[in-house]
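Got a structure for you, written out below as structure tokens; questions coming shortly.
In order of appearance the chains are A, B and C, and numbering begins at 1 in each one.
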Amino acid sequence: MTGLEALSAASALDLLAFSPPGWGAVLLAGLANSVVIALGAYALGFGIGIGGAFGKLYGGPILKDLLAVYTTIVRAVPELVLILILFYAFTGLLNEALLSWGYDRVQISPIITGIVVLGVVQGAYQTEVLRGGILAVPAGQIEAARAMGMPSVVVARRIILPLMTANALPGLANLWLNATKDTALLAVIGFSELTKATYQASATTKAFFVFYPAAMLLYLGISLTSTLLIGRIEKWARRGQRDVRG
Amino acid sequence: MKKLVLAAVAALAFGTAVAAAPLKIGVAAEPYPPFTSPDASGNWVGWEVDFLGAICKQAALDCVITPTAWDGIIPALTSGQIDIIMSSMSITAERAKTIDFSDKYYNTPAMVMVAKDSTITPDAAGLTGKIVGVQVSTTHEAYTQKYFAPVAQEVKTYQTQDEANQDLAAGRLDAVMADSIALQAFLDSDAGKACCKSAGNVKSDPAILGAGVGFGVRKGDPVLAKLNDAIKAVRADGTYAAITAKYFPFDIYGE
Amino acid sequence: MQDFLKPHRIVLILIAAGLVTWCVLSLNWTWLAEPKYQVLILQGIWRTLWILVVTMVVGMVLAIPIGLAQAAGPWYLAWPARIFCTVIRGTPLLMQLWLLYYGLGSLFPSIPWIKDSALWPYLRQAWPFAVVALSLSVAGYEGEVMRGAFKGVPHGQLEAAKSMGMPAFTMFRRIWLPQALQRVLPTLGGETVSQLKSTPLVSTITIMDIYAVTGRIRQDTFIIYEPLLLLAVVYMVITGLIVLMFRWFESRTPTRTA
């Protein structure tokens, strides 16, 4: 078939060219979508995670139980299933609520939907990682701050968050890599991120061995640069701490 | 209410619809040439896309194409992510329980496609013991399940017609059943020429194969009347024939 | 038990029970009564489970040499193993799966000796591709874990074995591998749950696992939520069983690492 012919270098470059009939621009647009969604979902997940972690540790009994249900369900059900449920439920319920209150339907852009859906998933994992990070902060530090009469919000902001960052970073880094890869799952609901763009390009041109390796390199690029950056951040977060790896 | 009156007045005054948000036209996110497929610059092209342009112009609607997964396209409509389905969807009684359909805008027979060196005929006898591929929840799948599933070795369902075609080319299927025009477009492509051929059209069964292809809208959506008027108008003024001539050497409206 | 049943929890449980009752009574579950769908659902669960078990076992077996190559192998083994792990962990599994099935799979029929071989009846099916892709994924992630586990075995243990004159392979089999595996065991439960959560991806290459089955029911009946709820419950039950199984397993393995 044409797959073998497409392996020749010249046609590969033609196929990846930025202007049509090359598909380079489509792939890069898909990459941009993937990155935007991963960043948005990660940020949203971090917000949920911070709230969830403090809630699990210092919240009331009802809040603690509800958070436990949330993290358990999200961690037990495949992301793909959660994405489908949230994808239909989020927009469907929102619109039903709006209609019943006498407003018009709203259209939510697929990017926002993707961010919310993956953000809710990320939130559950980040809750657990951040909770672990907070637990690893020496209790004496928190007690000392309380004894000095610091209000709890200040304790959280000035003592717990800075000290836990280093503990939580490896886990958070892993979750960031997961977030970038989980964007691929949106391909299954027809969203045009990098994996779907790759699929479309190769299904149309039959040049599987041009587009898949190219897209994999893009994903690898994200993960390798992330790893580099995270290494730097970790070094910064651990400043002033004794090296425990010695 | 006031707003509505204002909008109506404005519409009358300026002769255009004052739609707050553009209508989202749901198209299956996968290539379905020559009706809907994305080109390298990410634009949607094909007969249905041109036809949609004519309809929206005729009905003075502001339309944006919104790619949606085929298997979730009806839930996407009912849950409000899209406003109109335009994805070569056949009008069937089963679907009409959930959504409303416009009048048909094209109607073409169903075909069986097989490997080049195959001797399969497009009937139950020919497909006995074979692996047949169809796109999931299409009228063609319903037809295959009724006529071929009892005798075939396996009926495999695909999310997109494109995947089924690829698997036929890759030798994983013995036959594919789908719309004759969509399959003909594949057979005319380089990949199609290399691997496959038509085994002929299947015996018609309107109860299953439906009464042609129409727009799908939410139940009771007033946009339906506009669409029907627009279909009539573009049929009458020759736009339909002009668009069809760009893609096909024959009329695809059916009788 | 007393500890668990605090007053607020009884209220929460009652609310949850009410929610479940509401789901059962007011949602549309008529499709569950159809024998056609019952058979499909059971088949789907069975497929999901065997893909999970087979790919975990094959993946773990592959992970051992990959981990060992990285921990102690010469560079010409360590580097390929390292690159393999980086690629598997750095790209989405969905993409790996599609590359194998749509990419590699579409090349096969154009190669005559493959098409004429006895393997062809298997290669034209989808499950070999699913098993390969999901096993390689386990191998990539667990290979990295095994590398750490092999490195984590105290050096003195190996030196002691060496000084006793133990042959290299015996040392590996009796000292190094068992201790490395013991270090990996606590992570295995979590890895199995992750792998379970990856299995629905195989539905994209025409395998009728439980995810694909509920998808088909949704498409046939146009019911949106109910099949998805059933799906979520099925995965939660399987996850629960996996967690319980590994807990039981761990409680039975003696731990006496240094």
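Quick note on the criterion: a residue touches a chain if its C-beta (ideal position, glycine included) is under 8 Å from a C-beta of that chain, and two chains touch if they have at least 3 such contacts.
Values in this document were obtained by computation on a predicted structure and should not be read as measured data.
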| item | value |
| --- | --- |
| Chains most often in contact, by C-beta pairs | A-C |
| Label of the chain whose CA centroid is most distant from the centroid of subunit C | B |
| Cα-centroid distance, subunit B relative to subunit C, in whole angstrom | 38 |
| Computed distance of Cα centres, subunit C from subunit A, in Å | 21 |
| Interface hub residues of subunit B, defined as touching at least two other chains | 72, 75, 78-79, 163, 166, 169 |
| Overlap residues in subunit A, where contacts from two or more other chains coincide | 1, 84, 88, 92, 188, 203, 206 |
| Two or more partner chains touched - positions in subunit C | 102, 106, 109, 204, 224 |
| Residues of subunit C that touch subunit A when the two form their complex | 6, 8-9, 12, 86-87, 89-95, 98-99, 102-104, 106-107, 109-110, 193, 196-201, 204, 211, 224-225, 228-229, 231-232, 235-236, 239-240 |
| Subunit C-touching residues of subunit A, taken from the complex the two chains share | 1, 3-4, 61-62, 65-66, 73, 75-82, 84-85, 88-89, 92, 177, 181-185, 187-188, 195, 198-199, 202-203, 206, 208-209, 212, 215-216, 219-220, 222-224 |
| Residue ranges of subunit B in contact with subunit C within the complex | 71-72, 74-75, 78-79, 95, 97-98, 136-137, 156-159, 163, 166-167, 169-172 |
| Contact set on subunit B toward subunit A in their complex | 20-21, 24, 28-31, 37-42, 66-70, 72, 75-76, 78-81, 162-163, 166, 169, 190-191, 194-195 |
| Residue ranges of subunit A touching subunit B (in the complex, touch as defined) | 1-2, 19-23, 25-26, 29, 84, 87-88, 91-92, 95, 104-105, 107-108, 110, 113, 188-192, 196, 200-201, 203-204, 206 |
